[in-house]
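Across the two complexes that follow, subunit A remains constant while its partner is subunit B and subsequently subunit C.
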Partner chain A sequence: MSAIYTTDEYGRPFIIVREQDKKSRKSGIEATKSHIMAAKTVANIVRTSLGPRGLDKILISPDGDITISNDGATIMSQMAIENQIGKLLVELSKSQDDEIGDGTTGIVVLAGALLEQAEELLDRGIHPIRISDGFERACKIAVAHLDKVSDVIPWSKDDTSDLFKCAKTSLGSKIVNKCHDQFAQIAVDAILAVADLERKDVDFELIKVEGKVGGELADTALVHGVIIDKDFSHPQMPKEIKDAKIAILTCPFEPPKPKTKHKLEITTVKEFEELQKYERETFETMVRQVKECGANIVACQWGFDDEANSLLLQHKLPAIRWVGGPEIELLAIATNGRIVPRFEDLSKEKLGSAGTIREMSFGTTNDNMIVVEHCANSKAVTVFVRGGNKMIVDEAKRSLHDAMCVVRNLIVDNRVVYGGAAAEISCSIAVEKEADQVSSIEQYAMRSFARALDVIPMTLAENSGLPPIETLSYVKSQQIKQGVWSLGVDCMDTGINDMKEQFVFDPLISKRQQFLLATQLVKMILKIDDVIVHRNDEQ
Partner chain B sequence: MAGRGQMPMMQPQVIVLKEGTDTSQGVPQLLSNISACLAICDTIRTTLGPRGMDKLIVDSQGRVTISNDGATIMKLLDVVQPAARTLVDIARAQDAEVGDGTTSVVLLAGELLKEVKDYVDEGVSSQTIIKGFRRAADLAINHIKEIAVDTDRSDKAKFRELLEKCAATSMNSKLIGSQKEFFTKMVVDAVMRLDQDELNEDMIGIKKIPGGAMQDSILVDGVAFKKSFSYAGFEQQPKSFDAPKIVCLNVELELKAEKDNAEVRVDKVSEYQAIVDAEWKIIFDKLDSIVATGANVVLSRLPIGDLATQYFADRNIFCAGRVSKDDLDRVCEATGCRVQSTTTGLTAKYLGVCERFEECQIGGQRFNVFKGCPEAKTCTIILRGGAEQFIDEVERSLHDSIMVVRRAVKNQTVVAGGGAIEMEVSRYLRETARQIEGKQQLIITAVAKALEVIPRQLCENAGFDTTDFITQLRARHAQDPERYRWHGVDIEEEAVTDLFAKFVWEPALVKTNAIASAIEAACLILSVDETVTSQKSQDPMAGGQPMPGRGRGMPMGGR
Partner chain C sequence: MSTQLFNEGATEERAENARLSNIIGAIAVGDLVKSTLGPKGMDKILQSASSRGGDGLIVTNDGATILKSIPLDNAAAKVLVNISKVQDDEVGDGTTSVCVLAAEILRQAEQLLDQRMHPQTIIDGFRLATASARSALESSAVSHKDDEAQWREDLLSIARTTLSSKVLAADKHKFAEVCVDAVLRLKGSTNLDRIQIIKKAGGKVSDSYLSDGFILNKKIGVNQPRLIKGARILVANTPMDTDKVKVFGAKIKVSDTAQLADLERAEREKMRAKVQKIAAMGINVFVNRQLIYNWPEQLFADAGIMAIEHADFDGVERLALVTGGEIASSFDSPELLKLGACDTVEEIIIGEDRMVKFGGAAAGQACTVVLRGGTGQMLDEAERSIHDAIAVLSQTIAEPRIVYGGGCSEMLMSKAVDDAAKLVPGKKSIAMEAFAKALRQMPTILADNAGLDSADLVARLRAAHYDGKSTSGLDLFEGDVVDVVGKVTESFKLKRQVLLSASEAAEMILRVDDIIRCAPRQRRN
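Up next, the complex of A and B:
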């Protein structure tokens, strides 16, 4: 792999590009082929985690942290891929994750399959741009077909059974499927609690997912309120407060300090005593101010020293200190309180209210958490995840996030297609049919696109321990024969192929996005014919 | 050692240049410069045209760029050879001047040099060549101006069609080629929204959000920018307004020391509180004066602290701090407000208005969107795409198209692309050259031949039989210049067709500028016969070793 290396008429080499001996270059078909190789390798890694019977990956980070995951985007981002094309695939799954939140494995598998098909076409001597043109045309057909086979699922605030089923599909492949129904229900309830149904907008910042190691997955619960990972500042303070009026402060319990640089010179004992007196007085005023406005609990963003702490105890004012910024905000939203920047501004209207505030302790450990429930505003919710170990808790959080995204997508757009690769199979049939009517070389590329779509059901079948080719050909023939687009791969071995009966749904936008993004990425990779890499491994 | 001892006798050496200085001169230097330029051309050769390929470049920091844009690639190649650097510069100049045709200009310059390389070798004076080049440039540019088709600007629909055609042609070779209907509409809409006299392209904001397909990109008739970092209390602010009043500030709304180097000396404990109160008063005065104007949305280029955030939340006002300068400028342009650098004397007349403000979710991010602005001479394109590099490339492509459309608005003559105009100019030069006596004839013919590189490369990239196409084109243009004037390489049909009828249009300016700067660059390279490279000063930033002695210690070839 020579760099850009040229010699002049007299055979003397000369340098054109800075540090060109450190740059490696690959061009032409060789570059394209090596890209495809890299992409295929990456796709093969996540391949086995597709579907309800898909397996998990264990990932160990450089610091020794262990992650166990089934989520495509998580696996990809933790793999620390070096190869440029591999990195593109990572971004692909990440953008699917950002946009849709689900289907991150499927998209990578699809992109890998498309590139694999493209390789075959390149070997036949078809120009890479013609291939990508063909893919693009096929993708258009597939997306149009998806619209055709999609179904609208009705839902309302009272009837959420269909949303629940979609959440279940998404959770199907995850570790939490032990408590399948419970998690699906939590996802649906959490989203509906914060969703703005008129604007069809869901703000994820209002949903907080907290995890704590211990207990089991089944102990996971949805709290209509806020959980703060803190405890009361003094162990003798009451552990539960009913009808709480909460003062939310962002100033510390200490004499206010000017922000400008300042200096106080103490020269005599008297002055020192005065200072102490002043400090004590300020504490007392502060506590009085809080008491006077009617608050019976204080949440403070900053800390206070032991003296203030005991003073608060004396005045029977439970307090929580060092509450982080986001938590303060959530607390304020949940309790309809206002964040107060200094003690002078405290007033009755600015207090938040909550039905109960209690300290929750776990098992034999000293860990405590404060739960704020029955809040004035129900729009902030917290999901509290429990699990046997940290890996499970983390994975459960991720799975829950995926499921919540699915529900969110359905609230935004309630059209669905059928899972179990039913949609892919029917698109594959549609594309193949259209391909026959195309007169130019693109025909080949379109057929290859259809074949790439078949990889999804095949992988699904393979991961579920079914004979892939047999299953695919059976489902395909049934789809054509019966004209029912909802037939898919029966991963759970229930004997029913109709995904409509099995209630396996995917949001339409998720599938659509998968097709479009994968095709665009493949196009991009195929279009590259020259790679110039600056290596700095020497230093 | 490095002083040049030209004297054959053993005289004391005269040291003229500093030690380590590298010089080389004469024809060999010229030839080696030309070879360097050709090497650069070879790199970007394959990016030309609708079947052109992209380059993936990884720089020393590991940043990845995938691009088809000539100027971008040239920039990232990090060329050090001085002559070859000229090519980088003309690509950049073309980018700045017309925004499109950066690959063609480099190719053309390279090809010109290649054609005259033999003449240089044979000993034709470079001044003669340069003179010939200049003459050819004049002839070519005049001819383009003559035959360029003037379009009617009065007919709105037709004019728009023209702009769309030009935008589409510039997108052909890019990643977004297959979505060009979608993007041409967007680009033309965006440009039409600008102030037609100024056409300041900075007023078109381009925001990139990973995720979504590129068809999900949208054009907002107003301003949109990403939600900035917010402090606690932000979520309690209202997130949408109808007909809000907007105030733009360049003021820090934070409780902080007013002067960094000031120090307050406190004598008594009781004074403590007074200072604290004074500080609070400063910030509250600022906030009060903002609220007093009746503004609903407060934007600031500097941070808005948690205190101010909560204060505004209490009064149902939306605020955003750390808004970048160009976003703020666009907000001002759109809503008619003025950026205030102080809050004293702030009155309602400095406020801007728009129809609707909203914070909404786009992809994984929350965006502040101002819609329906009264003085909307600005707009924002929100780009979506599967990967960051992907969106970056889409942005570059859109930028090119925007520039082309902008040019077309100002300059309404168009020519046909796809190598048609180059073939026509080539024919014209060839015919004219025959009437010129002397060496100039050869040079002008060489320019004519060099122009053919564009259609040739188009064919090559598309995998067509190059010789076949070029001879066919040449024959047609020679047979009947009038009838076959706009015949060029039609990639879709794989044939030689009339591209003007196929709507492959480009502003004439792109072409005249490309030819002019290519020839300028070629002249510049030809006029250099000596390079003096000073030894690099001990610059830790440079990192690399000084250039290995090219020509040093060797007997000078030229005489």
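Up next, the complex of A and C:
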């Protein structure tokens, strides 16, 4: 029998792991080091995506589909990582994505840098727990310092210029920086349109991002209304309706279908005829009810019977069928209509209203979409993304989402820190300073934390083609000498390294979250000292 | 110490390797289709792996069709295939040009990368270049929509340009007329489903024609009139086999055969009533999307009505458009129903098949092109060519501006980019010059494909442009630089889309520095 075992004080074997050929075990420093190795490898992959001059990655799925992206969370989640520690990093960037929506690359790079530093400390013989304690203390200092260096940016519904600049910072690293201003403006406008300023809350459900290949990125537009990827149910219905009164239905134009199980038996000719009469009348009643409540267009979640469809056409009622659940809700919100589950419940008040509803057609393949504009309620918007190929449209959608998240974060909390790694550098200085005052062994770990923070500006400089060490030491000395915390790495080669003047802002909460989450994860990885992997039987 | 990070079978390519693999992939795709470019381009035979027989065989000159059919494994190559597909959906033609241009841009970028230029700097230069190329293209575009004769001449010229690189080149004048007439009948709609193309093997290609009426590839019912003048047509989508009870859960249950017979009779009566209702509308032609069973067919025959069954979705929709009728599914309120009308409905024979022709239609917003040709492959390719031409024309009607072809617009843009590059400080200007060079590759390829001395011709073309003759282009039949106004015309929308898609794709590919390929999914048979 193969097993890992030790012996007790009487020399009797004591089995720890049974059937070793099916399991593998790593323990102690060896385990920690192998974890650090894996994490570093992952971080190295996304490292080159950081910053405005970062590059993209191609990800090929198991089915051969291609994703081209600059977004850390997207890259990480599609890499199909098998390693456990790698998976933790994927989770890390995902949680940053869920919570903040931006800074998903930065967090992975930071975690990787922290682990790299931890490795050196381990080599010096410092216990992993002491390292993680030191990181914890350093992180607290850094976060406190972030608060200190943060600035409040004033914004109001009329003056959104600062929000716009933050959105630009987020979009800077993406391919859409081709139409930088336009996309940033779309992100700001979309968020402000749906934001609840009193509660400081933004409901992302109200913003729909719809993409269609064709045209170019600059054709992307914000529509104050809803776009539904459907066409009118009958080819001969009018393609444009002005001053639409829309009935939003979730019941099919079909004979009623009771939900309880039932059986209807026809035994005589009379019954047969009556049933047919009933059927015809149902259709007529349905259409009449819709017509009577004053609607001039119908949106329905379900399908129509051919007969009903033809009746709708005869009664000059254009209709859209098979409208999906989320779309029908958006439509209801946008037009101030109510979703009506039964024909009997239709009434004038429940109708939605919109200025125009029109069918838009694209290209040569008879692709249509229905645009609902000038709605009663402006609180539902759609961003319509165009681009030359499928991959670019997808990437533009992701980038817009990130930018919108940044704007949302600022509405929730309008404090910002300066980008271009200015915040990281100043935190690094602060941590280093504090470290000298710590008498215990943790000061080593704290210094390492500071060095890990330095990796971010170095990576930025490297990706921008600047000499990393030189740039970092220059900026650092400038910050200390002048006491200005907004100096950072001048990635775009503009000659100014004050990020305040370059308008490179990041939301404070995003940066803080990066520090906290990365430290937390690193602590977790350092605490693992034993891994037992069950292999699959077939291997 | 090494740790396995990815799934087994996954691979990663980094930095230089990734870039190299992308650029090589893109250039390979560009080179693959480049020989089909232009009026003297060659065709390709595509044979699918599954069918070794004749039926899987395609002979084509159409970039999108070629690229669609090749299974590619390279990521960058897939991006190019995608832009070509988008070009096909968006404009209908220029599918080869867009791939070739993107590949040429990347070929130039590769040299810059070799000189250790940062990809982002190259991209910045390319963006400036695209912007100046675009504005040059826009300012050179003209529209003659107000002048009817000139407008038609433009459309014909665009159609000829598109067709000249296809199999129909020999009869391009004839087919250009056919396409322009067909598109003008749509009255501005871009819905190409309204133009039906009927392919019939046999006869010569030049026997093809645009029918003055609308042809439905269906048969008329038994014992019904074969020719109707002054037709009043009802276009319907309704079951004419048995009218099922639609109420859910309904089921017929009888206890004896007499009852069954009664019910059967009731069913027949219902159908008779339906036919009578339809007949009472005063129609003499009835076209249904669904089946018509023998019994109602016979009833229609008795009423002297021509009934056509099983006209599919497109057929019914087109017919409704042609005759101006509405597609009906309920017949209880005839006063609300709009009937279609046309002068004659008759059975005609094309080749060996019988079809129904609707002549002298009221609305006439759909039409039929009948294609004849020697072989199936020939017909298929002819159809693709016609489709491309029609697509471009319909887009031109929506966006009436035109530009000049024969390498003229490319040279124009290249000149504009070169001029702009001189004013840009820094490394970006080198990238702009490279972009201009990529644009100049297009006329070079055109000339090469025609077997001409490209170096000489393109140099002369460039000289002509710098000499202020901004409408000079290549005449590939004469092998000379000429003024192409009125000779080779192309749609502005097409050229713009080619430029923008190609540069967007090139930019996207250049930005990549890492390729991660997941392990292919295991397929079980």
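As a working rule, the second predicted complex is superposed on the first by the 502 of 539 C-alpha atoms of A that agree within 3 Å, B and C clash if a C-alpha of one lies under 4 Å from a C-alpha of the other, contacts with A are read in each partner's own complex, and residues count from 1 in each chain.
The rule is short, and it goes like this: a residue touches a chain if its C-beta (ideal position, glycine included) is under 8 Å from a C-beta of that chain, and two chains touch if they have at least 3 such contacts.
Fair warning: this is a prediction, and the values are worked out from it, not measured in the lab.
Student: Is A:255 touching the first partner subunit B, the second partner subunit C, both, or neither of them?
Tutor: In the superposition, A:255 contacts both subunit B and subunit C.
Student: Look at A:278 in the shared chain and tell me whether it touches subunit B only, subunit C only, both, or neither; answer first, second, both or neither.
Tutor: Both partners.
Student: Just subunit B (first), just subunit C (second), both, or neither: which does A:96 touch?
Tutor: In the superposition, A:96 touches subunit B alone.
Student: Between subunit B (first) and subunit C (second), which does A:128 come into contact with in this model arrangement: first, second, both, or neither?
Tutor: first
Student: Quick one: classify A:62 as touching subunit B (first), subunit C (second), both or neither.
Tutor: Only subunit C; A:62 stays clear of subunit B.
Student: Pick one for A:156: touches subunit B only (first), subunit C only (second), both, or neither.
Tutor: neither
Student: Output check: A:328 vs subunit B and subunit C. Expected answer is one of first, second, both, neither. What do you get?
Tutor: In the superposed model, A:328 contacts subunit B only, not subunit C.
Student: Have a look at where A:263 lands relative to subunit B and subunit C in the superposition and call it first, second, both or neither.
Tutor: A:263 sits against subunit B and subunit C alike.
Student: Shared contact residues on subunit A, subunit B side and subunit C side combined as an intersection?
Tutor: Common interface on subunit A, subunit B vs subunit C: 255-258, 262-265, 275, 278.
Student: So in the complex, the part of subunit B that touches subunit A is made up of which residues?
Tutor: 28, 31-32, 35-36, 39-40, 43, 46, 50-51, 53-60, 64, 66, 68, 77-81, 84, 175, 178, 210-215, 231-236, 255-259, 262-270, 272-273, 275-276, 278-280, 306-307, 310-311, 313-314, 360-361, 363-365, 385-390, 393, 462-463, 543-544, 547-548, 550-551, 554, 557
Student: Could you pull out which subunit A residues touch subunit C in their complex?
Tutor: Per the touch definition, subunit A meets subunit C at residues 33-34, 37-38, 41-42, 45, 48, 53, 55-64, 66, 68, 70, 75, 78-83, 86, 175, 178, 213-217, 234-236, 254-258, 262-269, 272-273, 275-276, 278-280, 283-284, 305-307, 309-311, 313-315, 361-367, 387-392, 395, 465.
Student: Under the touch definition given earlier, write down the residues of subunit C that touch subunit A in their complex.
Tutor: Residues of subunit C touching subunit A: 1-8, 10, 12, 15, 18, 22, 73, 75-76, 78-79, 82-83, 86, 88-92, 118-121, 127, 190-193, 237-238, 243, 245-255, 259, 262-263, 265-267, 270, 317, 320, 326-330, 332-333, 336-337, 391, 394-395, 497, 500-502, 504-505, 507-508, 511-521.
Student: Would you pull the subunit A residues touching subunit B in the complex into a rising list?
Tutor: Residue list for subunit A touching subunit B: 4, 6-10, 12, 14-19, 31, 84, 87-88, 91-92, 94-100, 127-129, 133, 136, 201-203, 205-206, 250, 255-265, 271, 274-275, 278, 301, 325-326, 328-330, 332-333, 338-342, 512-513, 516-518, 520-521, 523-524, 527-534, 536.
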